[in-house]
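After this come two complexes, each holding chain A, first together with chain B and then together with chain C.
What follows is the complex of A and B.
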């Protein structure tokens, strides 16, 4: 059991990985100059979780803006999920967005196009 | 050339106002400075009543342009001064936002960069999306030479007018490269 807790900064999102619940949450903007410093930890957590058991994994995203460096790193995460899904694993992505900003939908949609697992893009009222 | 002591601030201000310049910066640019100026830009756009989507596109274009400049300077081993960026965000007569950024590059990289921009400038949105997805899957080292790969395509996708690049001759085997997007 490993917990992942990355506090958010101006240019990096808040990340929590709950091993027991099988839940990874990423919230906030992501535009660090070098995204692999931060995403490396997330990718390692996802790899570890997927290899450890056959429990389902749910990924809840509340990301508004990503720079292209973060987009590339996120693609690596989705590739891991897709591979696990192809091997019969139960994986789900829920991408929540503020309905006032439709750019998030196109960002999420372009990722979804290349994924065959359950990928929900849902409006959510701002807190 | 005028002496440093005689810079006419009022004339400079009039010039900024006439060209509807919201924000401009000239000098060495750090990771944290990009974030701080980005914050100011977000606030200005909000005060300017920009639509949230437009504000996000302007911000995104600013981030990609300035981070490209940082990546380029790092790849070429430039010091802070050599990696200086010139950034201008303005509004045009039609209410579009102009985002422009420039930096010194090796003269030998000029044609490559200009070629990349010209190639993207003729593509429509569908072709740009295809190019973006293709670049996303390419090994990261593919961007190595200029540091401008996916970011440049992303900017081209957001720009309402074809991307425009200009090269100006400079000293010491360098050129000034400037890029312009219309949001």
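What follows is the complex of A and C.
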């Protein structure tokens, strides 16, 4: 498994994992009935990528709403990143938000709390 | 086995003493020498076995201590995780709740004047009809329409028209009684519900509003264009749907317009 491509639906975000670029993007709301299925694929991709080489990994997030099981899965992903970072891996998370929705900032801050890797929370530049 | 606090066999001097005695050639033929040598050997073996036992036992002990430590660390981590999860989840839930409230606000209110909109008024009407059916009281209803509103818009601009609507949205409720219900019915029309009120009483209140509106002035509207509104007033008839009540008020409003505006007509 090299590339990850999950097209977004109303209740699931668009997910792309670009192995060669070392870039994982998750965009959109996330409230699927079965988050473990969808996030299982993402977690497997991250684990696979981290185990395969020592190249850096960047994760770009554009998420507004998440249900509880999605939050839990996201914490799992951050745990993986933290573990890799502790072992000297170059890991970055960029959490982009719509400047009209400042509420997302404090939420992203909560996620960031226990992470020692680079975790940027930045307003999305106008397209 | 114990003498005082230390074992005799733990004292190296005592062991040395026995070893010296055994090695002494003058005791070579002593019949005690053989059994004593055997005892010393056995003691040595037991000593070694004891030390091995203690080492193994200590190993197990520290192993299980580590395990307990790891488990309690894992437990603490899981606990922190669950706390974090609930904190984040609560925040998401709260923001959904806030969104829900503002959507509800938006769905029931007119963005220009901040008054209840048509949907809001229809909800109130439905409630009022149900109340009447339970209590056997009645209610009155007025639709009022700003006179020559189109001219205001055309002459002074839409901004002035909007200002006028906002001014009336402020003036009308201020003139009403506390329990009366008022909202923006559409364009330049407002609807007022007078709960538990006869037509005579509601006519009085309507006249008061009409006269208040007639005194409204806006700096952007010149005096040559006095502001006024026409009213269609009616009482709810038992058993009818509220749309029939509205239709009667509408007809009365039409008559008020026909009869020269700035007046209250009862239907």
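Everything that follows uses one rule, which is that the second predicted complex is superposed on the first by the 123 of 127 C-alpha atoms of A that agree within 3 Å, B and C clash if a C-alpha of one lies under 4 Å from a C-alpha of the other, contacts with A are read in each partner's own complex, and residues count from 1 in each chain.
Throughout what follows, a contact is a pair of C-beta atoms (placed from the backbone, for glycine too) under 8 Å apart; a residue touches a chain by one contact, two chains touch by 3 or more.
From a predicted model like this one, the values you see are computed outputs, not experimental measurements.
Following the superposition defined at the top, how do chain B and chain C come out on chain A, clash or fit?
Overlaying the two complexes on chain A (C-alpha atoms) leaves chain C and chain B clashing.
Could you say whether A:33 touches chain B, chain C, both of them, or neither, answering first, second, both or neither?
In the superposition, A:33 touches chain B alone.
After superposition on the shared chain, which partner residues are touched by A:75: those of chain B (first), chain C (second), both, or neither?
Both partners.
Touch test for A:110: chain B only (first), chain C only (second), both, or neither?
So A:110 meets both chain B and chain C here.
In the superposed model, which partner reaches more residues of chain A, chain B or chain C?
B
Is A:87 contacted by the first partner chain B, the second partner chain C, both or neither?
A:87 sits against neither chain B nor chain C.
Looking at A:10 after the superposition, I want to know if it touches chain B, chain C, both of them or none. Which is it: first, second, both, neither?
Once the two structures are laid over each other on A, A:10 reaches chain B alone.
If we overlay the two complexes on their shared chain A, which of chain B and chain C does A:100 touch? Say first, second, both or neither.
So A:100 only meets chain B here.
Choose the clashing stretch of chain B with respect to chain C from the list 79-87, 115-123, 133-141 or 169-177.
Clashing stretch of chain B against chain C: 133-141.
So which bits of chain A does chain B touch that chain C touches too?
Comparing the two interfaces on chain A, one with chain B and one with chain C, the shared residues are 65, 67-68, 71-72, 75, 103, 110, 114.
Enumerate the contact residues on chain B facing chain A in the complex.
For this pair, the touching residues of chain B are 31, 34-35, 39, 52-53, 56-57, 59-60, 63-64, 67, 70-71, 129, 133, 136-137, 140, 150-151, 154.
Flag every residue of chain A that touches chain B in the complex, lowest number first.
Touching chain B: residues 10-11, 31, 33, 64-65, 67-69, 71-72, 75, 100-103, 110, 114 of chain A.
Taking the complex as given, what residues does chain A use to touch chain C?
The contact residues of chain A facing chain C are 65-68, 71-72, 75, 103, 106-107, 110-111, 113-114.
Which of the residues in chain C come into contact with chain A in the complex?
Where chain C meets chain A, its residues are 80-81, 84-85, 87-89, 91-92, 95-96.
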